[in-house]
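One chain, chain A, appears in both complexes that follow, with chain B as partner in the first and chain C in the second.
Moving on to the complex of A and B:
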């Protein structure tokens, strides 16, 4: 009996060990190494340097560009979260009823989801291009020529231009999720509300939103946490943080500190600050995902 | 009678509006993709002067030149090697962990909750945020600038989500099935491997599509971990090709097309599985 117990235990350990080791090595330990390195002034990737306590954090927080990059990151995350979810939910509601061509449409709007951010970014750099980009051409044709901007080289609009690309890539994704969520709501609910004389807005407010609560929250969190980290690729290929740091996001600035300024300590201090911000939302996401589990 | 027909016109107008939105969205999403493909076939003159349409004389040599100049063959090979190794490691590792979390009774598996929470740590810290210290770990392990370093990091980054998803699939299987297997003399491992895991195929497919596509398209981590040209993946190679100021633009568009079209074709062939695979994390039940 005892050996059976031991065998079970060995079985459990061998089953979870590979996953635990990998997560420790490439998520948990990096977190500690990041926190540790952030206390040193160093240009070396492998340790060493002078211990300077929390000074790297002071340097980071006194660095205007870092603040700017955090602000841009938040702007990016908030912008794409609102736009993707409003568009995704709006389209899903509009197209909830069966209609001809819907399947084709669903397949088509999902194509950009399969693109890499690099391809997406390069493609859109050309769409925005003042020389032969189709956006300006299009605006001229339809008489909106007056609204033409220097999409990527005007510091006032460049960040928004990049956000729009991210929204373009992901709206189909959110729409499909919302469509699936809507399909799960029982039509009886709407029917009885219609009998009670509820209008479209009332139905949306008192049936759709509460029924889709978990889906909406999860979609918002996925978009939001994604907004903190996915922006690197797009910014890198479209503007590389310019003009005048107007599109610098946290990750591009952290990498710049590492590879260009060789300031490993400060790059790590900024990483830890970013982790602290993002993990709050990541934790919320985890809570919601596992709470649904318990309900099952 | 009058009111009835009024309602009908209203309905028809609404349908028209819906189709208008549908077609507009279709153009916004699909036209840029077509534009990329059109551009890839043009010559210099048409590239600047025939902006909207197809090339009058398609130039196939753009593709050949792009393929050679950006060394896309090597990049494809690297991306394939990395994605395949990633899946070979991720699927069994995630399945094993998910299985014991889902099926082992608590009496046999103490601190199950704590271990499960630990396994989900990757959901709290989004992929990529820790790139800098991860690079330090890779350097310390002597794995800098290797394919295997990327594979290991990717697997770790996707483990939490995969375990979470697979746990759901294992947990939903009936208990009687496993009991029957155990009575027939199957040990834990045998019942895991031969009885339970084949039934989680949809889950495995979801993990494979979600993880595979993400890894195939990944740029950030590879740009930090990979230094030498012969190890570059497709996104990495493209980003560098773009930075080359002497690049001939139709060739650049050809390179973008070569990088995207195979995945798009794969997606169109298996679109149902793709959509399900990529959205499964957010739609439950």
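Moving on to the complex of A and C:
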């Protein structure tokens, strides 16, 4: 009995070990090395430099562009979280019905998920292009010429233009998760509500949303944290942080400091600050969204 | 029981699969006894260049009984990161292909390159006079040019100019007048710029600053970087003002802020724009694209009133070759022999002819027989000044390339734009302890790290 227990324990450890090793090697240890390096003034990634204590954190906190990038990152995360979830849920409700031909629409909505960020970025850069872009051409054709914008060169709209691309790319992914959540809801609940005279909105509010709480939490969490840590490629390809830092997000600015300016210490300090911000937001979000479950 | 067994086997397979990435991180074994030369380059830019290199590598392997292992990875700007990554991972790199700008702004100051001053002594006569100066910093040679000596140029639609009775613009007023006529008669953008590729703003600013500073741009930049001159001076502000005027006068539209090189050339070729400012490296692809009209190349006009000011274009032999400071010193003889081999006339011709060179820095390499190339080579290149982004550190370049379009579009005033660059310098000094003449303060240990242990003898053919 004892040897079986030991065998099971070894088996469990063996199963967990590879993931743990990878996590340690690529997340935990680099994080500690990064925190250590952030205390040095150095231009080399191979170590060395002058110990300057917390000065790099002061430099980062005094850096206007860094704050602008944090603000942009927050805007990005909030915008895409709301848009992806609203659209994903809406499309899931529409496309979850059993009708002929709907599969085509489901596939069409999901296809952008399979595109790489680079392909997506280049594709949309051309769509937005003020010279050859089909978006402006289309708007002109349908009589919306007055709404034409300089999509990527106007600092006032460039960030939103990139967010729209991210939403376009990922809505299908969130839709699929919502569709899976919808399938778990018993049809009996809707039938009972219908007998009680509930309308579509009441059914959605009182049955769909509460029953899908876990799915919504998951989707919001994926979208929000993704908004913080998966915006590098699109921004890099479409605007590289410009014009005038108006689309600079934390990741592009950190990478710029690290790989371009070789300001290794400051880049690491900014990374640690970003990790703290994401952790605080993630924790708060999880607490708020699972409050109902805890209360129960 | 059988089910549990199956699950366990499946689990073990999954565990092994997860461990594979770790195994992939380990180093491979070495092969054979032949000595190996490791080359890290950037993705080759010109058609046929990669094949030419492969041919030369093969010939070198045969003649010197060795193996050449090479990797073309990333763009020129990625060389700094790629070298750092190679150093961290312990990857052997004997030869690298940085551009001159990166040698100046990052690789040499950071001790990433070997001092080639003595090593290159026997091969100096393979270069045209003065070109090694472009890779000499603090009296030490950190690399050598191996490409074409480029310059910047104003490309224009000659057919359209002739049709509208326009001459090549010689002054700023001429240029504005050309823009007005083109807009009125053709309803297109007079000029377009590849503003999405931000480094082109630097190149453009450098050319205009050369004029507003009375052909003292590089001298001013040297003084600026040593703290003896402020970037908020009259010449610097005036250069920003030229951009603003070009925009205000309708020569450029906001389309230039989000157009890249391909978009710009396509707009020009499709006659959506009549002129663009670019590098000589754009001559060949532009000629390919332009089918419906005759192409014209000329200098930028004189933007200042002083007629004594020379219209200078920025340019240099930007593609270079260097030796990382962490290269295998036991391979130094092979490295130098390889340099000797690729600098032989026939080999240099084989490789560099793919660049369609206009003014090659290597002796004996034929330039292309082309009217545009001739004009650029004879009239513009001799007046070249070095690119300001070679001299300025990357942080300053970054600030400047943000400031130029901001001033142009009116987002900030020319004075504010100049102040932004000045502020960036102060931040740079404060945060990184930047020192322009870094070679003056290097310790003996730092020099030891970049100095070859011995100078090998090589066969010079």
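We adopt the following convention: the second predicted complex is superposed on the first by the 260 of 296 C-alpha atoms of A that agree within 3 Å, B and C clash if a C-alpha of one lies under 4 Å from a C-alpha of the other, contacts with A are read in each partner's own complex, and residues count from 1 in each chain.
Keep this in mind: contacts are C-beta pairs under 8 Å (C-beta built on N, C-alpha and C of every residue); 3 or more make two chains touch, one makes a residue touch a chain.
Since the structure is predicted, the reported quantities are computational estimates derived from the model, not experimental observations.
When the two structures are aligned on the shared chain, A:59 is found in touch with chain C, with no touch to chain B.
Using the contact criterion defined above for the overlaid structures, shared-chain residue A:244 touches chain C, although it does not reach chain B. In the superposition on chain A, contact of A:262 is made with chain C only, not with chain B.
In the superposed pair of complexes, A:211 makes contact with neither chain B nor chain C.
Contacts of A:149 after superposition on the shared chain: neither chain B nor chain C is touched.
By the document's definition of touching, of the two partners only chain C reaches A:43; chain B does not.
Using the contact criterion defined above for the overlaid structures, shared-chain residue A:127 touches chain B, although it does not reach chain C. Applying the stated contact rule after C-alpha superposition, one finds that A:160 touches neither chain B nor chain C. Touching more residues of chain A than its counterpart among chain B and chain C is B.
Residue overlap on chain A between its contacts with chain B in one complex and with chain C in the other: 11, 14-15, 18-19, 22, 25, 45-46, 126, 131-132. The residues of chain B lying in touch with chain A in their complex are 15, 18-19, 21-22, 25-26, 28-30, 32-33, 35-36, 39, 47-48, 51-52, 93-94, 96-97, 99-101, 104, 108-109, 115, 118-137, 139-140, 152-153, 155-157, 159-160, 163-164, 167-168, 171-172, 187-189, 192, 213, 216-220, 223-224, 234-235, 238-239, 242, 249, 252-253, 256, 259-260, 263-264, 267-268, 271, 274-275, 278-279, 281-285. Those residues of chain A whose C-beta lies close enough to touch chain B in the complex are 5, 8-9, 11-12, 14-16, 18-20, 22-23, 25-31, 33-34, 37, 45-47, 91, 94-95, 99, 101-102, 105-119, 122-124, 126-127, 131-132, 134, 137, 168, 172-173, 176-177, 180-181, 184, 214-215, 218-219, 222, 225-226, 228-230, 232-233, 236-237, 251, 254-255, 258, 264, 267-268, 271, 274-275, 278-279, 282-283, 285-286, 289-290, 292-293, 296.
Taken together, the chain C residues at the contact with chain A in this complex read 8, 11, 15, 18-19, 21-22, 77, 80-81, 84-85, 87-88, 106, 110, 192, 195-196, 198, 253-255, 257-260, 263, 266-267, 272, 394-395, 398, 402, 405-406, 409, 411-412, 427, 430-433.
Interface residues of chain A, counted against chain C in their complex, comprise 11, 14-15, 17-19, 21-22, 25, 41, 43-46, 50, 56, 59, 63, 125-126, 128-132, 150-155, 239-240, 242-245, 256, 259-263, 266.
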